[in-house]
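Each structure below is given as structure tokens.
Shared chain: chain A. Partners: chain B in the first complex, chain C in the second.
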Partner chain A sequence: MYQDYNTTDTIVALATPPGVGAIGVIRLSGPEATTICNNIFTKKDLSQVKSHTAHFGRIRDEAGKVLDEVLVTVFVAPRSYTRENTVEISCHGSDFILQQVIELCIRQGARLARAGEFTLRAFLNGQMDLSQAEAVADLIASRSASEHSLAMQQMRGGFSDEIALLRQELLNFASLIELELDFSEEDVEFADRTELIKLVNKIQTIIQKLLDSFQLGNAIKQGVNTVIAGRPNAGKSTLLNALLNEERAIVSDIAGTTRDTIEEVLNIQGIPFRLIDTAGIREAQDQIEAIGVEKTMEKIKQSAILVYVFDVIRTPPEEVKSDLKKLQKTDLKILAVANKMDLNPYTKAEHYTGEFLRTEQFVPVSAINQMNVPFLKEKLYKLVVQGELNLESTVVSNSRHYEALQNANGSLQDVLRGFSDGISSDFIALDIRKALHHLGEITGQVTTEDLLGNIFGRFCIGK
Partner chain B sequence: MFPTYDVIVVGAGHAGCEAAVAAANLGSKVMLVTMNMQTIAQMSCNPAMGGVAKGQIVREVDALGGYSGIVTDHSMVQFRMLNLSKGPAMWSPRAQSDRMQFARKWRNMLEAHPNIDFWQEMVTGIVVKDGRAVGVRTGMGIEIPTKAVVLTNGTFLNGLIHIGDKQFGGGRAGEKASKGITEQLIELGFKSGRMKTGTPPRIDGRSLDWDKMELQAGDENPSKFSYTDTPVVENQLPCHIAYTNQQVHDVLKTGFDRSPMFNGRIRGLGPRYCPSIEDKIDRFAQRDRHQLFVEPEGRDTCEIYVNGFSSSLPEDVQFKALRLIPGFENAKMFRPGYAIEYDFFPPTQLRLSLETRLVNNLFFAGQINGTTGYEEAACQGLMAGINAHLKINEEAPFVLKRSEAYIGVLIDDLVNKGTEEPYRMFTSRAEYRILLRQDNADLRLTPLAQKLGMQLDERMERVDKKQAAAKEIEDYFRQNSITPEDAKELLENKKSAPLKQKVKLHSVLLRPHLYIQDIRQIAPGLDEMLKKYPKEFIDLAEINMKYAGYIKKEEELVDKMNRLEKLHLKEDFDYNKLVSLSAEAREKLTEIKPVTIGQASRISGVSPADISVLLVHMGR
Partner chain C sequence: MYQDYNTTDTIVALATPPGVGAIGVIRLSGPEATTICNNIFTKKDLSQVKSHTAHFGRIRDEAGKVLDEVLVTVFVAPRSYTRENTVEISCHGSDFILQQVIELCIRQGARLARAGEFTLRAFLNGQMDLSQAEAVADLIASRSASEHSLAMQQMRGGFSDEIALLRQELLNFASLIELELDFSEEDVEFADRTELIKLVNKIQTIIQKLLDSFQLGNAIKQGVNTVIAGRPNAGKSTLLNALLNEERAIVSDIAGTTRDTIEEVLNIQGIPFRLIDTAGIREAQDQIEAIGVEKTMEKIKQSAILVYVFDVIRTPPEEVKSDLKKLQKTDLKILAVANKMDLNPYTKAEHYTGEFLRTEQFVPVSAINQMNVPFLKEKLYKLVVQGELNLESTVVSNSRHYEALQNANGSLQDVLRGFSDGISSDFIALDIRKALHHLGEITGQVTTEDLLGNIFGRFCIGK
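For the complex of A and B:
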């Protein structure tokens, strides 16, 4: 897939997402980047300016026609993202203008960059290791503050560092074992088995922590699917609107107004929740509604959180309990939202709690008055982030890393089993080597072709 | 005076002898040139073959048709299988040999070969024409014409012996050094370096008090090295273990100011894992004693080798210190230990066939490549001999993979990584150790050598028998069951859970701490069935069954790595074009010219990022 990649010419691409925005940034990278830009830029000689400086001016085409007024930022090799000469042209964000400028650059000798080519160059020029390159891909695709922070942290090498440390400890472990294998005839001290087992346990604990953080990392990256369900007219759509603070769902007093599921993304302190509004659950009155109910159950199956909404006036506790019983699913986290609390402020949690609902899952609100909605948000957040969400602590967000950690964990498990079965250390050494190999996959110490394809295939053009 | 030989081998140590017979057995006319015919196949250091990782190599050499295993079997005075308490990959055969018998047997076997001629003289240069080795020049000025040359000079190239303050030229105690070759090779553009090794004093066994030492006897049921029909050692001689003490160390320290090791006179780098006694005391000051193996040099000599007491301290200091070792109070020395410095040529100048890159049809093997050890030398000699023969017959080189043999690991390491200190094989150097066992060297390698034309019919026949037997035994274990009653006592003894119902023997064997030797005592009919097979065949069946999971895991790793081995690089590829490679990687890749991406990944100085760059540029 990288056939005939020339990595020594100058490439150009739009660095901001396509579509009309306030500005659009075009990036040039390669030995001729400054020269090409200089040819089309008037007011200043860019070949004479210092690195990391911005310059206001005009872009003119070959005929001298002004295409746009722009701000040009110059980065001189190797002090740039790609370690090559790089120029960023901030234009006005019209697709037409941007297209014109890019075409002009190409006529001046640049080549349109392929997907991921800027990062590929950064990687090839030794700017980052594999896991950092992957983090860049995440950064580009990041949608929220937490996700951004996570990607930034990986890019700075935090994750690789922690793995590298683990790997080093394991390597020391392996050397001890090798020592007693190769020098058994000599008067060497033998590796202390209990110490070794302790070390494996310690490494496993850390790997487990990283593995657990995958769920969180994934939540940050992918969003948490959250279904809002309940009986017709319980106020699901009103609640959705209250959460989003916008009129999105069609709200009316007629039960059964929401027939399709509606998806919205709610960002609570950096965690994206994908809110899925559903049609009400009840015996369907007509064909369309029957499909709606089916869809609701389908959505619940794909979700991590269920927000069950009920009307404190209309729905008696027994019916709430029976609904909750029906909707129960392993791994499904449930909040029961007692809506329309303003109409009956004396509603008590204990009327509803029992086998399928604990007190802390009970959330009284009045969606229409925005009453207690922040509390519900808090509850939602806490379902995902147990304890403190410390984004400085290492979070695994990449499924390739997750797999490698899992494999490493599996190999370490084999190490422990080997010890308990009294298997001799030459075999145990094999499992240790496997674990080392898997950890190396993360930091790029082991490289396989599919790994590269996987990483660079994911970049969108411009980065 | 001489015809044009196919292959001239210079040097008749372990590497030279194996090189000569390998080429000769493939049909080449071989000339073996040595400075002294009386010292063919000398064991210059300790009178032993094998050991951990080294024993595996001797088995591999034998499996490929080399003679080291056969010679060892014929000259053995003691056999031990090391590491039996560990897994089968670690089992390592080791033998004490009768030094004189060893050399005699080698000479007999060489002389018995119609394709081998001899000439006793110092070789002072190679005749090179059009970038190709076409002959050797001797001290008398004779030129012997040939199609290929194998250099196996050992420690003789500008050898310099050190004992305390004294130093004198020599390739071995009492033998001249070899001059001229290094100088010529440097002129041809080769890089050279200096290495150092050492040997302990030899002692008069009649002067030792054996009762004060620990006895170390040979195995009760000794095995052997060769897969052919060689004799098993009888009337084994014991070795002994003695220990140094603080007093010994104190005396040795009095000589440190006169030690060539410490006063900077020796510049060559010695092996870290085979340190001299002064080095051990210096580096491990906290240890109050060091272990010594007191080994017999042969059946009809009283000469004793003190393994672990290698030294280049002044002879009087060696002597005084020795006498403070329990058992050595009245020791008489035959000769002191010494250190020797010699020239070597960094092996990164070689192809994987051991042919030099600079001069075609010139091959290097043994210590000239920076290795240490008889076994390491022997296997390189064998491979150089084979490849010299293949080269002059315009056939593809014979290269063993890292997953096929320790020999493959050794040569791959040498060529790709080079070596700073004398290179010795360890099992940990082999990433596929579980596959590279001493018990299956024949299964791994004999078919390959047979295909080359080594004429190993006897070994091949045994390979087939062994494989068939292992399968028969395995089938038996999978088809026959054992009852809870029959297994009860054994399982109790082994602290293994009792059987609830009849199970296949196979599943009992898979339990921890249970082996065929236990199960054959209790399973009706099994012992009878196994009696018709030699132990080695039963061992193979057991390993195949009991460790199947680990073997499979390792085979999967091999498959994974082999994908990179299958990605070929062009030899004339211009790495300087790839500016994204690190400068060091460009330099190393240009120098070593790896054949595959896999090989490139093992070159020191080539990082995983560099490999990614190569992959990207290859269009992967």
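For the complex of A and C:
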């Protein structure tokens, strides 16, 4: 099945980032890992040492020239990351030296590892399932505490356990149905249909909970695109600065100061919001459409949230309402920020609310004084996270997993339809097998070379 | 003496380059290294494990949250790089995780290491002498085989051994002279003056050989600045490409194509030549000074070699001679490249040679056909390396060492002058002590905090 993924040879790669550092680590894995390293290492016979021991010595090339003084750590199969014989060579952190040592290993019979090939071997050798392997890449790429928590939870098998449980329930279910098939000529009905429907409903509830968690998981991993829009001089850039608490955008009193789209990431309690400041539209002055709807709509198309900013002194409620009518879109969450409240503290929400704005969407602030900015952050956060943020329970953050769960759910829907339509057991068994197949895709019980190539190809080389 | 260099605390730093990789290694060194790691590591008691063993487990913060699954290798003093207790924590290669773990170590009592502090401790604890410590930095920075050989030879103590030998000879000498001083009232002369002078001469010969090697050592380490200059359309850029064997410079038939100075490194048998292409001078067309002497002279000032290129069809010998007269400078090595020889194969060296060009400086080529380019490379190499390149013997490549050797040589010169002037033994003893002092600076027997700060401050953090 994994023809392209030969695991009988020995692979080598740099395991640490390239560049100058104190040390750089080269990793060898495969049946010949120890032998290859032994051929180029002097001072000790590595074939005789215990697993998990480190040894100081020299790497010499074929001509006997010393390439480096190194520390070699030996891991004897199956007690290693890949479950194969593994050797880590800790060299001085010079790209030149690391390159020389890797080339020497290749001349001695190793093959340069492809992206993710060490982790692929760990998966193929049963060290971890596919969703755990994917979490390794997520862990390495994690930039925030919440991303890190998600990946760690997944890597340690939290998600895998839930999927395994679901699969077990479905397998029991399938075996009951398939028992019927074996006796189909006798027209026996072993399984109680009502019980079966209950079981499917139960499984669907769990899957739905996982599907629902994807909105949060995806927000944590990809960030939430948030457009800040409004008429010229409403104070968009000042609000952006107030949110970021730094002088990111160039702020001036001249309308149209912001020329280009500015993108900054604002982390609110672990959720990264990608703030997209829209350019002040100069042409607006010569046009009736003061807000430059078209350009803003482009940004809105790519966004989940719109923060509409208006000046409480200069923009009358009817203009706000008309702007909101133009900007609204299905699935777009809107907050209307009444800016410059320090200049008109008597502004009331009810003047602005109506068909396109509910009271809770109205946020009075004074960006320049940072007044009520924490309240705005809280509002933004609540648009993404309902209730308490709990990263201890499983949160789906991988779109491949989301899709597989959707497909599994669809197949279960077909099972229920089959029951109500009185369809024969063999078709129902087929749909259950489909659901199992989709769940198996997540953990890698079911897989294809394309899928593996796609997943591990995104890893860095050396992992 | 090393007040600023407290070695009683425990230091921590990232030992691998920053950035995303499969793994990142954090190093702790000092009396509390094992204890600190033990406090944050779960699964095993690291205080009970043997030196040079690796252990899989989890790093947990104070709240018990798992920061990473790691591999910890323990080195028990004095069997480590620093000769202190040392722990290496191999984490997943995410900057976020590595930052979290380092901060945790600091909260547990470690201090962030300064640049080079691990190697400084190795030096202070007698693991290596100062010139070896400097070689560690050179080794990490090495980009070519010859740089690597120099650094490796120095790190393994080749240079240190020679200096130690010189010091020993001088110490013997000094003890003879100082014996005289003890009996000075009796006007005894223990040491045979002729023998002493012979000894000084012998030591000076060795020092001079080391001093002479610096030209090569410096060329290997810093590269040899080599200006390529000539009149517009002489084919400077084509020659540069031919030398580099790639399309580096934009080449066209239009004079003045090259706008900016181009710098490329050409490695000839281990010697890096920094090729500096000079801009084609457009204004030249409106000026009598067709070669743009002034701008070229600026580049020449910073260079050791000038490759003067001329077009054998368009530039008559007298113009070449006049150009060379303007460009020549003391200590500047010149090659005159007669380009486009394919168009006029009858060009002869004797037409061009004279006061400012010897026959062996004349190099006929056809850059566009790569004709004779290897010969030009050979000529360039010979300007730097006399005879065979032998990197097995000691080559001085560090300007600090060069200076110390010069100073030692100067003091020995004073000793000889003292003898010939019949100066009293105590002054001669003083000069010998001075020579010993300067040699001691190289290996670190004599040192100051400033010197150490200067040397180790150039290291990367984590080494």
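Following the convention adopted for this analysis, the second predicted complex is superposed on the first by the 315 of 463 C-alpha atoms of A that agree within 3 Å, B and C clash if a C-alpha of one lies under 4 Å from a C-alpha of the other, contacts with A are read in each partner's own complex, and residues count from 1 in each chain.
Everything that follows uses one rule, which is that a contact is a pair of C-beta atoms (placed from the backbone, for glycine too) under 8 Å apart; a residue touches a chain by one contact, two chains touch by 3 or more.
Keep in mind the model is a prediction, meaning the values are calculated, not measured.
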| item | value |
| --- | --- |
| Which superposed partner A:L181 touches (first chain B, second chain C, both, neither) | first |
| Chain B versus chain C as contact partner of A:A77, first or second or both or neither | neither |
| Partner chain in contact with A:G93 - chain B first, chain C second, else both or neither | second |
| First (chain B), second (chain C), both or neither touched by A:L120 | first |
| Which superposed partner A:A349 touches (first chain B, second chain C, both, neither) | neither |
| Touching residues (chain side chain B, partner chain A) in the complex | 51-53, 82-83, 85-87, 89-90, 273, 290-291, 426-428, 431, 433-434, 512-513, 547, 550, 553-554, 557, 560, 563-564, 579-580, 582, 601, 608-609, 611-613, 615-617, 619-620 |
| Interfacial residue positions of chain C with respect to chain A in the complex | 13-25, 27, 52-55, 66-69, 73, 75, 88, 90, 92-97, 100, 118, 136, 139-145, 147-149, 152, 155-156, 460, 462-463 |
| Chain B contact footprint on chain A (complex, rising order) | 1-5, 7-8, 120-121, 123-126, 129-130, 178, 181-187, 421-427, 429-431, 433-434, 437, 444-449, 452-453 |
